[in-house]
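Letters A, B, C, D, E, F, G and H mark the chains in the order given here, with residues in each chain numbered from 1 onward.
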């Protein structure tokens, strides 16, 4: 790709088929390497932009307008040429597993960002279908003869796979729609990370009026997610660790709920607690210790 | 850089200096992160192109014309916008140590390639000065007001550092010459890797007429390098391991020399060896074992 | 030029660098010791956190900065060559974080506000990372180190808030601390963290914020009021 | 759609995948066993490497390919869904490398030349990586596995060359092996290796080339000649 | 008898063992799945830890033990040959630890006490290590696995204690948990663990005890107490 | 003298050392077991931390020291050759740290103060590091091990403080603990630790101090008072 | 029965097991030392590998087996309880592999053939894995340890082959070694190793075979001949 | 005496020790540099290993020992207090191993024999471990470090043996090296290493012995021999 520019000089003798085979292999391996690099770059950019979005959403307690900004940013990540749009264009459907390791990090971080946004916005959990609907792209394919070899494999594929529908076709270019493949495991790993961000969000200021519901809903959300994911057997690679972290987050959220109840509502709520003694304890005695 | 495109909506209230300070810090840290990514990419491309060049040079025994091609490729690596030229442009002198870890891998691999080329071409060791002379770049700087902030730091600096000389200046652009900093440690680590490639080169076919001198000169080169580098005290980070590998390569080269002497020249050379018995042993007896 | 010459030069360069590192290490050890001393001074704030006492403590700390610390940071600036901050900063990174912490705490005790990067750097007698571009830079206070210092301060302030009630009857300070930590939280929300050391420290901050909020809640429930009636300012920051 | 449904689907998907992997593992174990059997057949070439014997051995090996291996690679192709080669190829990667090795050796014994990727894939009864684009691809012989197979063959051939002298009096074969390994070296020079498994294996190849050259040298020094006078072809490849 | 016979025997043994391990693996996978299902049932105790609800949960869990688990542990006992517990127990060790954990938790919810090894083993449908000498032993619940289960339970119970206040208004349970955990901690205190893993886990238990003590402290400092005033009994937290 | 003699001498030395280490290991195991027993006695302080009970517990612990521990430390002193403390102290280092912890806790319960190194060493029946120069030194209590013991005690005391409220209605003890821990923290603040382990442990101490401060805060905010009104002394929490 | 009883039983079991392991460790150390001594005897074969000398060496080694080794393996059999081979064999596994190696080498020197598992076990004075089912099994020589011993022997024999030329003028032995190693390699070729360690060792064997083939090649190309002309038998290097 | 005094003493001790370690580090760095210089001298033996040249090289090396090394080991002896060898020897252990290596190599080049521990220690200007009991011991050459040095030497000598043929035409030296390495291998064979590092290094030695045996084999098979026909003596490679 890069070094095509180099003038390597023409040596056009007829060569042994074995040697020619080696040359073809060398070319193909190099193409593969460069593609891997390219896809890694998209993934890293997606990761970083998703992280920024998460950071933005966490400012919600201070500034409600961030949700609108976050929505824009998420749209940016899916549509920008340096993020998913570029990744989708670069990735041929038949190579999805070959390059999966190169882009799985970006996808997971993006799932985390989308799911966090979803919880803040709608107070509910992101579904797999919602995610997939956001990761469907229109790719413009150049049908000129030179690139024919590259486009002809993008034929409709098996179900649950990257499928594409030809929507439009003019003489030389056509627009093709296809959905990026996200393994469910990646979906759940990304979703697991949301619990960490919720833990962070619930830790911050208690000033918002709906803080109590937010706190208890977060806690319930994380509890349900943890309880259900614990049920998977056997745990796929990576899930076991995430479950550990998730449980730690859950405990922290429960601790926050506990303190909320014990410290704040113990008197006013309709508890059947009784006090040892009277209100003397509430109106503190400011003297006697210093 | 990327997400500048996003419309984040204008909120223009006068803010607390502390909060403004945080915003500035956030911006600077993000700029730093993106620069690190950018420089890592240049480094990775340089690494790959250098590896390809090394691979090309190792084909020398089969095809003498490769040296010319290798020279072109090395020039390509230093001048291309995606390799060193781009790296030099992206790297501000004051950040050289901040981003050193991001580009040290590329520099080392490039040193390896240049030094290998040098040994094949001139049968001598690459000097540090030769290397530096190849890593001096002309950078065109845009002096329009917006970018003034970025260019003003590129002033002539302390000796042995990235220095630059203003060569040309028209109204808005000027061309600036500056040398990339290569720590000597990186130079020697790259040079150490050459011994591995020489070991590889000497292992391959013995068909070239000057093979014997090449083998013995390689062996001497590696021995001298190893003997001298062993003297450094204390070993800088990374050198100790390289010395171990280098010694293994040296032993393999010595083994090749040994076999060359014992197997090939033992009879014809002017050794003071004597044979146990006569030439009966040379004219083999083809029967008796099967 | 033979390889032997190159290696000889290389050895000389390494020796020079090694000597320089020794010098830096000595100076940094000095700074470290002084930082500990300042911190020791500051620690006494928890025992009797009345307003007057806090001012006295801050003054003592500032004096240490202006004598001991300035002397040793000057020595450091002298030792480190121009442009080599990032080459050697592993030596002082942790020390500078602690230094930023004591500086921020000192300034808070003096002014009741969060100091800026430049203010912290000034107290340390060095440049700030924001100014490193403008002149030949040597040693400066980097962004991350300043932020770590602030996070560490928030832990100390949340402890102070509680002790203001227990040992100092200094209710006004609690509200001031609350405001200060709110500002800190607001400010930190702008940073996009990588999964690094700073992020871990920052994650702990919310507990400190919460601890202060709990003290405020306790005060409110019990109807306690600031005696010296500076409640107007602080009212803005009370939880509703 | 609740989370419970999603997770139920997920579990079902995992179960399906796990079942599929079990199936693949069983088939691959089968292939593995057959590969070992073919290798066992090939190993006997060292004991008596006369031309006739080598042909007999190659024929036996090919028969095993065309019966046992074709059957089990067919089963593998059936098991793996379209497009999922790279999802599951960890299961058969090493096995395919060994298979490529025995295939290449078999073809060498038959024809005296290095087989192409397609020829090797044909003998295995699967597609080659070069053809994977043209149709819905399932299991195929990947570039790297083919190359590892060739490198392994070179080790075996260098051993064979020596044994051709010791146990087979088959001088012509030594020259043929020499030519074949030269071609291999020439071809491999086009590949840019990463520092991976293949590179390590390739590094070992030069010793095998050298070992063959030493045998040739020994023959030359002693003036031995090929008896059945096919020296014309081989002459081209002798070291000068 | 030659080496060929030996290798034949060896291969036969290998094949038999490999088949056996496959069988064991399948059964253990089944147990693992059921264990996780029981755990799923138990985890819902945190959401609403009222006394009635806890009893309902325990009943559901017990039913799973008596149907699913008993069936699969029977299959395991059938599969493993007499005397080979120690040869194969790596396959089920971790699963049994988790099983011991869910069994101990179930029994605690039922009875409010720490179960004995025999009680836990009974619920699992297998023998206990205490009885392994008396008959031809196959699969049994080992001491360590039982103890790991108890330690895991104590972590879960300390979490439950907090949730009893937050979500269950169940103060009495907190005191019961405190008593139970004290008994456990003191009981295990004097063991000289040979097993480093267990020792580390045990060391972590003190944090769980402390967490429960904090809940009780919070109740006390706020003057909250159980209405049916069984605080007298629970005060005696020493093991009997 | 040849290399054979050298190796013979070496083997003899190896054998002697190996035997000695076996002996030391046996004695240390004994000490370990007794330390655990004393710790078990001390643990019961949390269940009912009234002043009288704490004295009773301390007396029981002291008796164990003066019988069991003194016997086994004597055996250790006999086993270790003069001057070889540093060669073998890896064997007892951790045990001595735990021993220092139980000794310091015992003395605290007896006197309400932090014990000195000599006091701790006396209770263990060995020399202190301060006296190691004066006689032919064998086994002694090293500074670091003593300090690790004190840090461990502070963790235990912070737990005790809370339980003094919950289970003992012993408010005076809380203030005493606060004072004691303040003294400890400030005392150790300026040490330039060479030992990373100790530094980390010391860093953790601030959490324990904070926990005690929280208890005192709770007492203050809720207006609880010390009954025997020794608040005058305890108010002065600064180290003297 | 309470948890206290369970823990008491557990502690008792732990103590018993720990004592047993100490006993086993002592015996195994003894065996280890004797194995080294036998190996020392065998090592002298490289210095002067004439046929007579090799016989003398083998006789000396056998005597050591029948006295020292038989005594200590008897002690081991006494120590290990029936059926606990697999629980404790980690203690002697490596020692038994080395023992199998010296036994196989001794028998090779005596008979020129590869010994069977039973022959090796007999020389060690223990049962073989083939007979473990027939009686209450305690300690026996396992298949893998026997095979590891054979692989180690092949490394030693390839060294011996070269030294037979250099120091012994014993050409016949080279052919005998070649035959023996061929038999071994082919015999083990089809095993589906479960043991990764053994597989790796086996993979290394091909280098030893190749080394012997190189010696034979050298003999052939230089026309050296076996004096006692037993070339007829050795030509048949295929396994029978 | 209070805890403050203890900590003061401790700090004093820490400071003293820290200063001492700095001093030792400086001296050891010096020794390291000189050791490398001697190694530089010795490494040139591979380029032209004629007998005369080897003697010249050894003489140069010895001179360095007697000037540079003796000076710096004297400084080390002065710095380290009596009896503290084991407390500080981590600082010089690796350096002393390398020093033992260069000393042993120097003496081999001079005398053609393996040096004893005392000879090595003498060349270093320090005491040997054999004499450490007789006087107040400070710094000495320990058994293990000496043995590591010998093992390293054997690696270097096996390399030298090959180069003696390639670059030095020095066949006699090959036989001398063979004898020397045999003596070394057999001497160390029966040690029961406590030190895993040394054991692993010793295990590697057999490859070096084998490498030298290969050179001798090559000489023999090609009928090369030493002109002054001292092959009779060298045949007896057993240690005397």
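Side notes on the structure shown:
To be clear about the criterion, contacts are C-beta pairs under 8 Å (C-beta built on N, C-alpha and C of every residue); 3 or more make two chains touch, one makes a residue touch a chain.
Just so it is clear, the structure is predicted and the values come from calculations on it, not from any experiment.
Two copies of one sequence, chain G and chain H, touch each other mainly through non-matching residues, since under half of the numbers at the interface are common to both. The interface at D-G recurs elsewhere; of F-H, G-H or E-G, the pair that shares more than half of its residue-numbered contact pairs is G-H. With rounding to the nearest 5, the Cα superposition of chain D on chain E corresponds to a rotation angle of 175 degrees.
If you average the Cα atoms of chain E and of chain H, the two centres end up 57 Å apart.
Rounded to a whole number, the gap between the C-alpha centres of chain C and chain E is 48 angstrom. Centre-to-centre, using mean CA coordinates, chain D is 67 Å away from chain F.
Computed from the mean C-alpha positions, the centre of chain C lies at a distance of 34 Å from the centre of chain F. Chain F has residues 190, 192, 220-222 in contact with two or more other chains.
Those residues of chain A in touch with two or more other chains are numbered 30, 33, 48, 52, 228, 231-234, 281-284, 289-290.
By the touch rule above, chain D contacts chain B in their complex via residues 48, 166-169, 182, 185-186, 189-194, 203, 206-207, 209-210, 213-214, 217, 221-224, 239-240. Against chain D, the residues of chain G that register as touching in their complex are 182, 185-186, 189-190, 192, 210, 213-214, 216-217, 220-221, 237-238. On the side of chain B, the complex with chain H involves touching residues 220, 223, 226-228, 230-234, 251, 254-255, 257-258, 260-262, 266, 271-277, 281.
For chain A in complex with chain B, the touching residues are 2-3, 5-9, 11, 30, 33, 37, 41, 44-45, 48-49, 52, 65, 68-69, 72-73, 76, 80, 82-83. Residues 32-33, 36-37, 39-40, 43-44, 46-48, 159, 162-163, 165-167, 215, 218, 222 of chain G touch chain H in their complex.
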